[in-house]
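What follows is chain A paired twice: with chain B in the first complex and chain C in the second.
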Partner chain A sequence: MTTILDAVEVPTPKRPWNKKRQTFIRSAILMSISLVFSWLLSSTTELGGVLGFYLGLAVCLPVVVLIESIRHGRNVAIDRVASSVILAMFGVVVIPWISIVTTVYQKGSKAFYWGYLTTDMRFTASGESLEFGGALHAIVGTLVMVLIASLISVPLGITAAIYIVEIKGRFASSVRFFTQAMSGVPSIVAGLFIYSTICIFFGGFSAWAGALAYTILMLPTVARTSEEVLKLVPDELRAASYALGASQARTVFQVVLPTIATGLVTSAILGIARVAGETAPLLLTASYFVATSRNLNEPIASLPIYIFSNLGLGDANATTRAWGGSLVLLIVVFVLFSVARGLSARLSRK
Partner chain B sequence: MIQDDLVPQHRKLVSSYTLVDRIFRRVITTGGLFSLVILGLIGAFLLYRGFEIFSDFGFSFITGEVWNIGDPMDTSTAVLGIGAMLMGSVITSVIAIVIAVPCAIAVALFIEYYSPKRLRLILTAVLDLVAAIPSVIFGIWGYAVLLPIIEDWSVPLERWLDFIPIFSVPSGIFGRSPFLAGVLLALMVIPIVTSVAREVYSQAPRDLIDASYALGGTRWGAIRNVVIPFGRSGLVGGAMLGLGRALGETVAVYLTLNLVFDINFRILGSAGGNVASLIATKFGEATEYELKALMAAGLVLFLVTLLVNFMASFIVNRSRKIL
Partner chain C sequence: MDTPNLETKEVINSNIQMEPTVMNDTTRRNADNLEAKGESGLETRGVHAWFDKHHALADVSLHFPENTVTGLIGPSGCGKSTFLRLLNRMHEFIPKAAMAGQVLFEGNDIYADDVNAIDMRRRIGMVFQKPNPFPAMNIGENVVAGLKLSKIKSDNKDEVIEDCLTRAGLWNEVKDRLKSPGGSLSGGQQQRLCIARSLALKPDVLLLDEPCSALDPGSTLRVEETIVQLSESMTIVIVTHNMQQAARVSDYCAFFLSDGGPGHLVEADLTTSIFSNPKDTRTADYVQGRFG
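Our next item is the complex of A and B:
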């Protein structure tokens, strides 16, 4: 047996789809040539700076690739140039995103000291040294308004989703359509609407008005995500519940909703993340207040307005405070999103 | 006889809902219709508050370029028109879409067809995350980082492209220009358009792509002839969604564009505005009459974005149905 096997020459498996070493070396050479060219371009012309360098690279890379690959024929050349263009454009888009996060981190961290999150601006002017004052009032204000908005919009959003998926009423498709359209309402229009009703009737800016403006913006997000989640519930569950003699109300509340509890939490978090950074509606509804607020009928601070008003002062320390607020806001939004994503991943595994 | 007993009688089937269910359905229906009611109320209240303006100025409120309250005591001296701002909204949004759509196509194709699987999962998560960055942060970044760069670049751009009217700047003042606002809006819109495009591209029929490879086609050949035609209508819908977002953006435009009441087609020059930033700017010190005009401007903005969004969701829904 062994002799026969030894006699047969087993061919080593070839994997033509794996990238060859040559390909790798070739792309490395092309890349370095374009790097040199774009460096030359950015240092000789006025389109300078780091961004100019990258944009130059985005232009040089396809050109270099084209010159190299033209000897392989038209189709191959087009394919390679297309790949390099796509890669270059991807890079051009991603660089500003990275720049946003790193700039906010670099400039924002300068505003931080041990009391930044525990003091407000009651006794501090925005231009004062950065060892005094903080963003507590803004954080508290955002939390309060987001909480009130969630208490209203989460039940309403889930109700709309139940109407579309479970009841399938006469207006189901139009509710769905208008909820989609509502998510495109400009945030400043929502603010203007609340101002024209609540603020004019009850006289002036208040935390309530800000929370209601948030509600309008949050509702469509919650409704749409809950709808997607409700659709995940298998029909067998509903059928089993009906077969046991349960009413529809009972089926929804004791079978369908508990099954997707995590999904509903996710939809609420996504709604919060959507509104937490909204500035425009609060300018018209909640305005700004320098102390930590205790009265919901008064104007209240919030992180976006804290950033906005500090930026408007033009003072160096105030601008740094604005960056500090941006860092807090960015962290809040990113954490909310990560939590929502983690929860929905757990749900889909179930 | 015995067999007759064994054959079960037909049960009486009840198809009407019990009392509990009828109440439940009524309550849920009321709640479900709430979003329709809110949309209607927004339109109705803004129309109610701004009606005086529409009856005073008529169509010239939409086309007029002047915003002058005149004598604060005498409303008949006021001349108010949002033509310049409306045009500014359109110009900045068009710049944004022209930049954003090719970039979004490239990023979506890169994520779906060029990146390895692990990177693809990371990038889809990053895309969601970037879409969630608040507009005020885009605004402060655009003001602090992008403004100096665009200002530097506008000078050579103007010198080289002077012969094209939209790039010439007779005033010589660059900086907070519609071009800057447009680039910033493009960055905000790219994640939205990309995630729609990526979703559509990922559903392109695998067998057609494989067939294209089997005929000896290249990767670009498959993308050009299968993926892109397949995703065309979805992409149009995504672009419309992005357009709606760009039209209604307030803070980012407020921070990066000088509000000037003049229709400005010279996109590198430092003048412009949009309807949303007009409202944010004038709101603070508005007289009662001007406030009504702002409500009317808000109504116009509301109707325009609603129209764009209706069209977008119509197109996106239709392309989903085909899939």
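Our next item is the complex of A and C:
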């Protein structure tokens, strides 16, 4: 078959609207000019130090950009100044973040050796040399409890959201009210609640109790974000499905939920983020145990409590172990998020 | 309506013979205009479009003379909408989209580095196939939304609203309920609201992508009158599947086709020539409803 392509020479596809390279060069030049100015400013005036330098930059950058872009007209100038202000603000926000990560890395990496991830503290005292013992028990404990809590609260939270948005049942407004109220519950109260209902009557501290305390905190977050995401699905989509003779259940499970799969993963991530670093709810429920737990009915270690108990000892080695635990916790949360993100990317590509 | 039978073809021809001379200024309708490359109107030179790897449109060179109406016709999927979106830089909103070639507006390439796409779109307006009034605004606010969004001050908003709605043929139906939401109108009314909305910015070029596909014959006629009237002062490009409509409103017609590969321009000429003696047999087949 002959098509038009046989007759014309095909040029290379271009994206003239994509001005990344130019923009990059221009921004680099402007940025260096502003850097020089803010350095001059901080070295010649009272505004000394790193903070003064950043402050100078936050002022210089927009001014330099403004001067540069004035010749392009008002709109372009406003646009560029606004972007540079946002960039400066972004820097301000990122600085504490970088500082936290590097501090945790510097102090935490001292506790690291391969065995840190493969041994627990069964045979090691907290003050002992850093060549012995590790955080395996805490890592396993955190993962187990987050997993159980997710398995309970993600389906339950999504179901609650479906009840509110799709089914619009008789108790929809009261369910919404209670999830909203629950999202304000302080985490220690969640722990206390599980302690007074589960721990007292069912044999004391256990991994189950810790997971349930986590669940109380996760559930409202998952339910509320899922509800918001469900509300974004246009009614036309539901109408299209109903017009094909689908039942409400089929419509929800085969049309609505797949459409917002990415959003639901996000709601699960937010739920995990809410609990992964919580210490308070575990103090009264899961407690702490130095060996890697094989029994969910017994107390179990977790990273936050591991950090907490090691810090409390005041010993130098124990403190270093606590920093190591913090680093592991950061990494665990990061890995959980990356996995969830990758999952949602795959879901949305389909 | 996509495939007029032989009877409607008669209608087309009779339309061509009677109407254009009544509706259009004959002096500006000149086949040479299509070739005329100058500083005026809108022009494309060897334009291609891609969606990621999919080559959707190939090598389109066309000239839209100032203050004329050009109809884009062709079977579904031949790249008419893609071409239209290239003309006011809406193509670039599609992720992974790419293009090649030049689009010249008053002699300047709108894809040049120093061109501000936002200012450009203000001068080259667009009405979409599916009506899309802003749900959070009422009817009146919808009409002047363009002014508000681009911060153009206007002292006589009410006049603008009435004028634009009248020209879009909607004023009588909505004058008593300008405060009700845009979404409360019927599909056809919403479409005329969208046309009114784009008129408020007084664009130099108006791109219409099947603007009447949701309209009843009465509103269609009113919109067509509006188009002819607007073409006194602006350049109009209209995509349509309705051959009678193309014959009624357009001065020039461009026929697009995709023969397995990317869509491309088969023939562009005076509307009368396209309908009465097209040069390409495929054009003849299409306008006479033999395929497409």
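Just so we're on the same page, the second predicted complex is superposed on the first by the 230 of 350 C-alpha atoms of A that agree within 3 Å, B and C clash if a C-alpha of one lies under 4 Å from a C-alpha of the other, contacts with A are read in each partner's own complex, and residues count from 1 in each chain.
Keep in mind that, in the parts below, a contact is a pair of C-beta atoms (placed from the backbone, for glycine too) under 8 Å apart; a residue touches a chain by one contact, two chains touch by 3 or more.
Remember, it's a predicted structure, so these values are computed and weren't measured experimentally.
S.K.: Which of the two partners, first being chain B and second being chain C, lies in contact with A:K231: first, second, both, or neither?
M.R.: Touch partners of A:K231: none, neither chain B nor chain C.
S.K.: Would you sort A:T179 into first (chain B), second (chain C), both or neither based on which partner it touches?
M.R.: The answer is first: A:T179 touches chain B but not chain C.
S.K.: Hey, is it chain B or chain C that touches more of chain A?
M.R.: Residues of chain A touched, chain B against chain C: more for B.
S.K.: Tell me which partner A:R346 touches in the superposition: chain B (first), chain C (second), both or neither.
M.R.: neither
S.K.: After superposition on the shared chain, which partner residues are touched by A:P11: those of chain B (first), chain C (second), both, or neither?
M.R.: It touches chain C, and chain B stays clear.
S.K.: Tell me which partner A:L192 touches in the superposition: chain B (first), chain C (second), both or neither.
M.R.: So A:L192 only meets chain B here.
S.K.: Just to be sure I read the superposition right, which of the two partners does A:K20 touch: chain B = first, chain C = second, or both, or neither?
M.R.: In the superposition, A:K20 touches no partner, neither chain B nor chain C.
S.K.: One more residue to check, A:A223. First (chain B), second (chain C), both or neither?
M.R.: A:A223 sits against chain B, while chain C stays out of touch.
S.K.: Give one of first, second, both or neither to describe whether A:R122 is in contact with chain B, with chain C, with both, or with none.
M.R.: neither
S.K.: What is the shared patch of chain A, the residues that chain B and chain C both contact?
M.R.: On chain A, the overlap between the chain B and chain C contacts is residues 75-76.
S.K.: Can you check the complex and tell me which residues of chain B touch chain A?
M.R.: Those residues of chain B that touch chain A are 17-18, 20-21, 23-25, 27-29, 31-36, 38-39, 41-42, 45-46, 48-49, 102-103, 106-107, 109-110, 114, 125-126, 128-130, 132-138, 140-141, 143-146, 149, 152-153, 155-156, 187, 190, 217-221, 223-224, 241, 244-245, 247-251, 255, 276, 279-280, 283, 294-295, 298, 301-302, 305-306, 308-310, 312-313, 317.
S.K.: How about chain A: which of its residues touch chain B in the complex?
M.R.: Touch residues, chain A against chain B: 45-49, 51-52, 75-76, 78-79, 82-83, 85-87, 89-90, 92-93, 96-97, 99-100, 103-104, 107, 155-156, 159-160, 162-164, 166-167, 169, 171-172, 174-175, 177-190, 192-193, 196-197, 216, 219-220, 223, 247-250, 252, 273-274, 276-280, 283-284, 304, 307-308, 311, 322-323, 326, 329-330, 333-334, 337, 341.
S.K.: With touch defined as at the start, can you tell me which chain C residues reach chain A in the complex?
M.R.: Chain C reaches chain A through residues 46, 48, 50, 55, 58-59, 89, 92, 97-101, 111-114, 116-119, 259-262, 264.
S.K.: Mind listing the chain A positions that touch chain C in their complex?
M.R.: The contact residues of chain A facing chain C are 1-5, 8, 10-19, 22, 72-73, 75-76.
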